[in-house]
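First the structure, which I've put down as structure tokens, then a few questions once you've had a look.
We call the chains A, B, C and D, going by the order they appear; numbering starts again at 1 in every chain.
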Amino acid sequence: MRSLLLLACLLLATSAAHAARVDTLSIPSAAMQKTYRAAVVLPASYAKNKKANYPVLYLLHGAWGHFNNWLSKTPDKQLLHRLADQYNLIIVNPEGETFSFYLDSPVKADSQFETYLTKEVIPAIDQAYRTVRDRKGRLITGLSMGGFGAMYLSARHPDLYGAAGSMSGALELSSANRKATPDEIAWRNKNLTPIIGSEEQNPAFFSANSVVNMADQIHKNGLPIIFDCGVDDGLIEINREMHRRLVYNHTPHDYTERPGAHTWEYWQTALPYQVLFFGQVLKANGVAVP
Amino acid sequence: MRSLLLLACLLLATSAAHAARVDTLSIPSAAMQKTYRAAVVLPASYAKNKKANYPVLYLLHGAWGHFNNWLSKTPDKQLLHRLADQYNLIIVNPEGETFSFYLDSPVKADSQFETYLTKEVIPAIDQAYRTVRDRKGRLITGLSMGGFGAMYLSARHPDLYGAAGSMSGALELSSANRKATPDEIAWRNKNLTPIIGSEEQNPAFFSANSVVNMADQIHKNGLPIIFDCGVDDGLIEINREMHRRLVYNHTPHDYTERPGAHTWEYWQTALPYQVLFFGQVLKANGVAVP
Amino acid sequence: MRSLLLLACLLLATSAAHAARVDTLSIPSAAMQKTYRAAVVLPASYAKNKKANYPVLYLLHGAWGHFNNWLSKTPDKQLLHRLADQYNLIIVNPEGETFSFYLDSPVKADSQFETYLTKEVIPAIDQAYRTVRDRKGRLITGLSMGGFGAMYLSARHPDLYGAAGSMSGALELSSANRKATPDEIAWRNKNLTPIIGSEEQNPAFFSANSVVNMADQIHKNGLPIIFDCGVDDGLIEINREMHRRLVYNHTPHDYTERPGAHTWEYWQTALPYQVLFFGQVLKANGVAVP
Amino acid sequence: MRSLLLLACLLLATSAAHAARVDTLSIPSAAMQKTYRAAVVLPASYAKNKKANYPVLYLLHGAWGHFNNWLSKTPDKQLLHRLADQYNLIIVNPEGETFSFYLDSPVKADSQFETYLTKEVIPAIDQAYRTVRDRKGRLITGLSMGGFGAMYLSARHPDLYGAAGSMSGALELSSANRKATPDEIAWRNKNLTPIIGSEEQNPAFFSANSVVNMADQIHKNGLPIIFDCGVDDGLIEINREMHRRLVYNHTPHDYTERPGAHTWEYWQTALPYQVLFFGQVLKANGVAVP
């Protein structure tokens, strides 16, 4: 009988692995007068474990991307499903548009993603699902521009998040510190300037809003932080600089360098470490679903 | 019925969590004319899944320690059990004595732990259990002196291991590069000199056998490598130096700095990341037990 | 005859080496309602070369110090004389009081040394001597607190200085980033708080006025910069951080690490390299006295 | 009369500036069965100050170069003359051929420059001139391949030199640690392999003879060391690695990063700092000519 039960369990477990449900939610933005979709991955246990409130991981996409990237671009299409099941986490993939950098644009009225993500998406998710309605159970990370977004939003809204991460983060908004090539400058002028404005005209904005300049704010917030970068990634020096500044000002944080470049293979490798970190935070906060 | 099954499964799962078996094995050493014990953690599935060959993680203890430290000193006494179950790994905790540094002593005939671990322990384990009898399924890591041992043995025997790690590794054998205090010197003379010899009399041995000087050998071997250290650990600069040398000579490796010092809280936090890394290696090597 | 001339020259040269004149000037401060002294080292050639306008090096003392430290505390009491002669420089040693950090205190009305040094000392010197009355011929450096002062004043008044330096600079005003010991905290409260205020009450002031946070301003100014620190100096990590930030944001600068600690032996060794650097700047600016 | 004397002195001084004599010496090599030339810059005082023994600076050229590069390629053609006069130094520019790296080739019988420079050039110079015939008065530095040579020869012959330096040093002989492009590999095979052999066939030689791997030997020798590199130089990371290894093993040394690339403008800027350093060493050794 025991082995029969076991067999049944294994079957169930197998099915469970694919039972994680993905909703596509429409979340309107009053600030932008638009409605964007979000992909919500619910762990298999969510449907059964009706009494539990689930922690939520906000997982941000990168530049040129959209809300469903993390589900459609990882080589392993079941990655998020498996992590949601393994850690009993709701994983929310909100929209950040191609180049919003998840901030409230000073020049584009309908690019207000800081407001959207903090004042509109969170309440919508907390209303639609059985979530831990507290920073203790709310986590945020992302890749590239999404790594910037996760560090930026958590640095400015420490009351909303229990921990934050970044993978291959584009943590520097300014390009004043780069030796930008003519191509890069042309690219910025064409793609970024219309959305976040011109650094030449508003350098203070670019400096004040670069995560790499927020080390003291991050220190003050005291949130658990994890970020990483591939050593073959063009953004490695920015991430090393972020790490050094947080070491310099004695800010507790996890920092990892590993092989790899700015690719989905890298992010598929990196995400499980970040979720393991978040899982430890949730346990410490007493809000993990067993 | 389904929910009944589920209930049963949850029960079973709960029991399973404690079903991981721990053997204490006696493994004789011809080289040292001694017999030492090893603690072997078998995943719950091992007893049932009789057809599978299991990968083996060799987990080394630190200075002043013994084979059962990882089972007795972590705040969470079920850590190894859970990791063994989660990744379907056999975790072997061999003896390394208090200050052997896992090498063959040039001065102490009965301190030959490189020979013991590579030529005596591995065959004994492969004979006693259904293991993956190939480097592809053999992993090694450890803490402090055990981190040294894992990096040292894998650097010198790349044919035996599929990947290696180190946590808070004492990767430098020599103290010539330190500004040793009189206390440190007295301590070394009393504890280390009788076992691994005097650096003053044999500096070449200390230099040639320090992991931090093996960056080019590690590069040549091409093994997947993961190591980490706490930023408040006295060994952080040695680990930073190891990382920089591996970055300098373009050796792929995972390196992490995180909060914490030379404590069991740190190692309990660190081990799951290392096992996650090893799990990815085993999948890539096609020897993971599903 | 030639050899007679030569002999005479050697004698003259020898005497010349000691002919550099040191004036002690009283320079009143309207801002502080006080008069402070400054030591002015004039090169031997100054008295003879009546047509030439001389470049001026402002050389700042450290904490616990006063205007005449550089003349009284270096093991070689002729150091400034020789450098003045060798480079045909006027070396001005102004007063900075024990803990002013050369800034305008937000809490102490009679500690306004930024105003004093930039608006009162410079005009007084330019009026008293045949100087190059232009930033091209005006240089500033100092040790410890004086290194902070030189970098701070030149970063905020790039119109006044042609180049700036720092030796063993205390480039970080804030101690929020330090893990301050109770002794350090007690020391700060007793000595610094009365002069530059309490960081707890005014953290923004400490952050905004720390040289280590001015990397982008220094980048923008484009002044030639040279700074150094001894590897055994407690301030080495602050100076490394400054260097990394200037490397990160592509600011041209000379940075040197050398043996030594926070001592007058170190500063006696360091100063000639800084003056050599300034000499190259003066040549490039076309204002060096041949 | 005094001013007349002075005038005469100024004239003399001016002429003195151009009085530094340059000899071209032929120095045979028994080891290579060849004779090479060396350029020897004698300070103006040498001819007059017949009783004094002069310290000697060996100044090495880079790859693609020859003995007279330092005299013919610096923008300021009087640079060596002026430094020789200012510090009362004999500056010897020996031949190192285009790609010898100043070592004894294991494959080319007539490329034995370690032997030539240490056993043949030094005795020839000490015999031809009134030199300080002791390591205390013998200094060595160079640029690029010559920086390698100066560090290499002084590391292996600490009995011969009182101090050593390197400018933009190619301190790494091996290219195993580089990600060499096909062009670089082709270049090495064509130019270096015939002279210093093939790394593929003799990797141990390349590793054992790379200055970057001699940090512990340099530490043991205890020679005063100064080296620098431009931040825009392709060799900057090798020099940073050398610096970090010497910091790591607590070897006293001066290390400078400054603006600039692999150019003669850079070396003209760098050399005076190195000679200032050597001047301080000579004073400390009591062998400086006043």
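We take it that contacts are C-beta pairs under 8 Å (C-beta built on N, C-alpha and C of every residue); 3 or more make two chains touch, one makes a residue touch a chain.
Fair warning: this is a prediction, and the values are worked out from it, not measured in the lab.
**Q** Quick one: how many steps at least from chain A to chain D, stepping chain to touching chain?
**A** Step count on the best path from chain A to chain D: 2.
**Q** Give the label of the chain whose average Cα location is farthest from that of chain D.
**A** A
**Q** Hey, what angle do you get rotating chain A onto chain B on C-alpha, to the nearest 5 degrees?
**A** 180
**Q** Taking all residue numbers used at the chain C/chain D interface, answer same if over half belong to both copies and different if under half do.
**A** Interface between chain C and chain D is built from largely the same residues.
**Q** How big is the gap, in whole Å, between where the Cα atoms of chain C centre and where those of chain D centre?
**A** Once rounded, the distance between the two centres reads 33 Å.
**Q** Starting from the mean Cα coordinates of chain A and chain C, work out the distance between those two points in Å.
**A** 47
**Q** Distance-wise, how many Å sit between the C-alpha centres of chain B and chain C, to the nearest whole number?
**A** 53
**Q** Examine which chains touch each other and state the graph shape they make (line, ring, star, complete, other).
**A** Graph shape here is a ring: one loop, exactly two partners per chain.
**Q** Taking the top-of-page definition of touch, could you list the pairs of chains it picks out?
**A** Listed by label, chains in contact pair as A-B, A-C, B-D, C-D.
**Q** Which chain C residues qualify as touching chain D in the complex?
**A** 3, 5-6, 8-9, 12-13, 48, 231, 243, 247, 252-259, 269, 272-273, 276, 280
**Q** Where on chain A does chain C make contact in their complex?
**A** Interface residues on chain A, with respect to chain C: 176-179, 207, 216, 219, 237, 241, 244-245, 248-250.
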